[in-house]
Amino acid sequence: MMTAAENTEKTPMSGAPKIDFDRFRPTRSAIQRRNVMDRFMWVLIAVAFVIACIPLVSLLWTTIVNGAKRLNLNFLSYNMTGVVGGSQTPSGGYGGVLHAIIGTLEITAGAMIISIPIGLMCAVYLVEYSNRGKLATTISLLVDVMSGIPSIVAGLFAFSMFTILLGPGTINGFEGSVALSLLMLPTVVKSCEEMLKIVPNDLREASLALGVTKQRTITKIVLRTALPGIVSGAILAIARVIGETAPLLMTAGFIASTNVNLFSGQMTTLPVYVYQEYSKLNANCPPNADATCVTTIPMERAWAAALVLIVIVLLLNLIGRIVAKVFAVKTER
Amino acid sequence: MGQRIDVNHENIYYGDFLAVEDVNINIEPNKVTAFIGPSGCGKSTVLRTLDRMHEIIPGAHVEGEVLLEGKNLYDKDVDPVAVRRDVGMVFQRPNPFPTMSIRENVLAGVRLNNHHLAKSDADDLVEWALRGANLWEEVKDRLDNPGIGLSGGQQQRLCIARAVAVHPQVLLMDEPCSALDPISTLAVEDLINELKSDYTIVIVTHNMQQAARIADYTAFFNLKAVGQPGHLEYFADTITMFNNPQNEEAERYISGRFG
Amino acid sequence: MGQRIDVNHENIYYGDFLAVEDVNINIEPNKVTAFIGPSGCGKSTVLRTLDRMHEIIPGAHVEGEVLLEGKNLYDKDVDPVAVRRDVGMVFQRPNPFPTMSIRENVLAGVRLNNHHLAKSDADDLVEWALRGANLWEEVKDRLDNPGIGLSGGQQQRLCIARAVAVHPQVLLMDEPCSALDPISTLAVEDLINELKSDYTIVIVTHNMQQAARIADYTAFFNLKAVGQPGHLEYFADTITMFNNPQNEEAERYISGRFG
Amino acid sequence: MSSQDKTVVQPVGGKTADKVFRGVAYACGILILVVLAAVFLFLFFRAWPLIGGDQAANSKTVSSFTGGKADNFWSYVLPLLFGTVLVSLLALLIAFFVSIGIALFISHYAPKKLATALSYVVDLLAAIPSVIYGLWGGLILVPAIYPFWNWVANHLGWIPLFEGPAANPSRTVATVAVVLAVMILPIITSMSRDIFMQTPRLHEEAALALGATKWEMIRLAVLPFGKSGIVSASMLALGRALGETMAVLMILSPGLNYSIKLLQASQNQTIAANIAAQYPEANDLGVSTLIGTGLILFLITFVVNFIARKLTEKATA
Amino acid sequence: ACGDNSAAKTDNNASSDSTAKAAPVSGDFQGAGASSQQAAVEAWIAGFQGSNPDAKIAYNPSGSGAGVQTFLTGATAWAGSDKALADNEVEQSKSVCASGSAFDVPVYISPIAVVFNLKGVSDAGKHINMDAATIAKIFDGKITKWNDPAIAEQNKDLKLPDTDITVVHRSDKSGTTQNFVSYFKDVTPDNWNYDLSENWPNEVGQGAKGTSGVISTVKQADGTIGYADFSQVGDLGTVAVKVGEKYNVISAKAGSKVIEDSKQDTTVTGDNRVVIKINHATKADGAYPIVLVSYDVVCPAYKDAKQAEFAKAWLTYVTSDEGQKAAQDAAGTAPLPASLKTKVAKSIEAIKTK
């Protein structure tokens, strides 16, 4: 049975160097060192984790404790019209964030609708079509660069663009969406690109070999496989912009009443609201005011609105998670 | 009916690297042709040029002609997608779609091309394809489980079922059985035997017994030295190839066989 | 010297799913033991419990004992890392480290213990291991190229070289040749033969000829039905197993062999 | 085997769809170039009066911004640039290692349940708006961190970076860097975690089977696999830090020096925060000057990314 | 619209009486400008809408500079500003207004407090007495200890600790800063050698963004001193400033007094403008000299008659007793002195509504 070896005059091992393996045996100290290293890294990683937790927990805790104070149904169902100083409104509240919630949702949705398709398709181009050519390298470099555009510059850009297109002083929610989409795009492209890259090539080949067009291979196999990653990338991108303040002050403006029209009139968003309330710091009460007049109300509103913003983000995340879970790649065994 | 393939003066490149040189081969319709040869000699590479899968590798390209029923696949007006629809392929490594259930995996080729299959048709197709790949009994109760949850061998059989389900004219298989146990292998070989009445089949294999068992024709690829391009050394009907090869290299390679 | 392995009453789970039931087997030192059996019967699973690779799958766990020279691998005080140092493993699918060159891949394991390997030692080691895997001639001029640039078969041989380079006491191989051509397979088999004078070798294979050629003992695994746990059906020295099996199932399986 | 005789109809078209899809993908790629060019041109034209305008007026504008400290654009923008880069790099330095640590903790160390919970928290934190970081940083962290900075100044004051006395309240570069680090931490973590989780099991097993410890397995299989992702994530985070406006604006006490005294107030300012601070009260020429500084920031981001890219290219080649 | 807080009934009655003379204005109107005006403007909008329920008014507190810039593009009906228009802005406005050039009128007076946080003093509710020179020296970093003789001398009855002084100033461009330092320039120029600017000129102490930033920074540490709008002082200590021979504590009334004692700036170009030249060196009894005058900027004629109607009605309301009271209640501002009102009313009359 072992005849085959005899047929070949030259076995592969002839001419192989002689190795004294005992020299490579791990010494006790080497093993010790490796175990120490392993444990050390474990500790280091755990410590990194704990250290990071401190500020993050503090941040959440502060927001929740301060925000919960004024967060109630009244706060969620009224806007800021007719709110004067620290006085109570006829409904028994102190104004609210209904208009800002609507503004945030609409403007962010607008930004999503612009940037997610473009960003995703750009990532598709980079990963699926470009063959890593010059153009692609340039684009992905520029995407990185784009991620460094200061948000305020994005605001200036959108503002100037609308000034040129629609006349001076144009301010509306959509303008804010445009500014935000500029900030969102690079995040979308980058994270989608990374997610597409890790889809195994095997799957593309399998699909192409079934006579499926490239477009369907991409949409039905590649994007589908990467979907959970794309969703969390999109959420990351939304997260990147949902808290923007500076560009929205410039482009979407600030208004106390509710405006549901994204394309006309100023719109308040939650971060802008938080910032404006923080800037007010204290409210005044008329000299003869009764106990219902609260001078610290602006700061309390700021924290409450911050909490609302976090809750909205939380809900978005939750939706994203569910989507990701439903479409998750059934884990390999 | 299966279709014939004629390869004329084919040079295959990865970028600037000439991987396989001057291949000329006539693959008969409704026959099984096996590619054998040492590792790295370019069997997979040649196989992949037969359904234009080669060109999806960046920089890879092909010179020469591949005629499918006389029509050059590499003509300008030929749509590679259409080619791949007619020429099915099974890979060396099992690659079921991880997002799909077993059932969906089998139907992928049909569904991805936007066909709306009635449920009962789909059920029939799934059963037919899975039986063909000798997987039906093992998975019939869990068709909706993810395909990736199967063992390696099961996964490969699933991939064969998937390729077969689109009823190609030609079926290319790159070592389809290398991850299969003998019983599954046997079933696949039976399947190949069955299919060849309708289709043309090309199979890459390391297992010379397998080639001897199932192939009507055998192509022996070789390479002069590492770094040199591979080439088609000898092509003959299987009986000649294994009993009385007219080529010294082929004889040496085949006599090195065992068992 | 190789070490003996005794497996006592081993049950292997994936989460709640009992994949393999009540395995009892004595693996002799300095011998080659082959695992055969139909796909999905748990050969790979059992093999992976011998170097505690099984437990890295979330939820996977093992009941029973695996004694390496009388010491239970699953004792509380045993470090799985140390176990895997002494028990090498080669996988079904080639898995070279994609960012490393061929040379670095071979040295990967050795470097873990010997940070500062003298260049000449490293060179010798690389050559020795690559020759052992019959890859030296093909790659000696491009040792600094990435390991994944090789063809499938070349990659698998690279992985064997990598496992061998750390010079383990026991070598586990999960279908190491399923992606190899006959010449490479032969070389690996020769290597196994050579290595067994120093090491204990366990190999999973679908190729019964291979088992018959290289194994001293053969274990036949089977499963009653799909979804049922696999089990060790029959264990015997290879000559008995293939010529005169005392087990009906084993005989049926083996007689189904071909070639 | 009934379906054997089913005629599988030729698949419907798809060729046009294919072409359109490809075209759209291309167009979107190009669009990025166009948008960026538009932003650049816009910045350039708005900043043009700095070059082409009346230099005396420019100089007056700059001195009005700085109370006479600087009288030309460069002596205005360079300290700002220095401050921007200093703050961002510090933040990245702090956040990078911690993030990778957390990402590994989630992907490879923590039990599955905990990991899921943590992932969730991280994703959530990535979405906390910078105003809230500003609020928290300015109102909670600044007083809370003073004792620590004071300790550092007293014990490590011999290192120029930590030269005392530590400012109280600590509205300093050090504090801002910490806030920015906390802010970008979830970004890096979230992205690297996703990548780490995708490490092929094959490679992890290969490493473990060689007798690698967990950490060695991470070094051999996980980190090399995740490298390009980590770099992208860091660049994304750096970009965010470079351009962060509100948090810096609400916390940092600005100055116009080339100073590395991290613990002292009124040493540096960042470009973005400076624009936000000056814009509301700026006249036309003032806005031009501010946009000019924005343009510089834009160019710096370009250079930083370019260098980072070259470095990773070299490392992976 | 949805979520609006409908105005209180009492408001409705009160306003309908006093502004019965003019027909209600209706439409969408926008303003932008000084963020410091926000609280007052909120109150005015609420009050104005009481009698003009169909007017929708938005005020964007984007900053004085940005507000004026926006106004000069014609996008807003009025701008709120912490400072009077510059000459070139008046010139520019000619292209926006239907005829004539834009003008500004004062809408309220807001005293600027010098706030401090010092253990044993501010938390005991006590004031510290200082003269202009001392304040200037502190803010210029020349006096660095709370028990510096210069301070101690003026505060014989206080026990001042040996604490370092931490100066807190605005880090953003600010009308408050400009008004604050112009007090030094006018009263003690030898101790303030910087150009007048809206930016803080030196690097003494710490800068903070906005009034709210200054206040919260001052609150965060012992020994801090800063300046901020009176309405935001809260429970911080305030400096009593020397006027004549007395130290006067800040109050709305005391702020009004200095304006009563100030003249109109007649050097400004453009018609209808009412710009106050604040007499920081006032000796008036009980006056508090550090104040800021806030202006509204409007056109004498608008291309859109509705806008003109609104501008006129708006300014009329804002400068009325009712409007001034609303601002005082909501924002803690000091009302315009009676002496100014006629001039202001005359300018408002100049707005052409037909």
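Order of writing sets the chain letters: A, B, C, D and E. Residues in each chain are counted from 1.
In this section, a contact is a pair of C-beta atoms (placed from the backbone, for glycine too) under 8 Å apart; a residue touches a chain by one contact, two chains touch by 3 or more.
What you see is a predicted model, and the numbers here were worked out from it, not measured in a lab.
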{"item": "Touching both chain A and chain B (chains)", "value": "C, D"}
{"item": "Most centrally placed chain, judged by C-alpha centres", "value": "A"}
{"item": "Angular offset of chain B relative to chain C [C-alpha, multiple of 5 degrees]", "value": "180"}
{"item": "Pair with more cross-chain C-beta pairs in contact, given D-E and A-E", "value": "A-E"}
{"item": "Rounded Å distance between chain B and chain C, as computed from the means of their C-alpha atoms", "value": "29"}
{"item": "CA centroid of chain A to CA centroid of chain D, Å", "value": "13"}
{"item": "Distance between chain centroids, defined by C-alpha means - chain C, chain D (Å)", "value": "47"}
{"item": "For chain A paired with chain C, centre-to-centre distance based on mean C-alpha positions, whole Å", "value": "45"}
{"item": "Multi-chain contact sites of chain D, meaning residues that touch two or more partners", "value": "11, 14-15, 18, 139, 213-214, 216, 250, 276, 279"}
{"item": "For chain E, residues that touch 2 or more chains besides their own", "value": "35, 62, 216"}
{"item": "Shared interface positions of chain C, touching two or more other chains", "value": "81-82, 85, 93, 112, 137, 166, 186, 213"}
{"item": "Touching pairs among all chains present in the structure", "value": "A-B, A-C, A-D, A-E, B-C, B-D, C-D, D-E"}
{"item": "Contacting residues of chain B [partner chain D, same complex]", "value": "79, 81, 85, 110, 113-115, 121, 124-125, 127-128, 131-132, 166-167"}
{"item": "Chain B-facing residues of chain C, complex", "value": "37-40, 44, 92-93, 137-139, 141, 150-154, 175, 178-186, 206-209, 213, 226-227, 253, 256-259"}
{"item": "Interfacial residue positions of chain D with respect to chain B in the complex", "value": "1-4, 6, 8-12, 14-15, 18"}
{"item": "Residues of chain A that touch chain C when the two form their complex", "value": "1-2, 4-5, 8, 11-13, 15-19, 21, 23-27, 30-31, 34-35, 38, 333"}
{"item": "Contact footprint of chain C on chain D as seen in their complex", "value": "112, 200, 202-214, 216, 220-221, 224-225, 227, 316"}
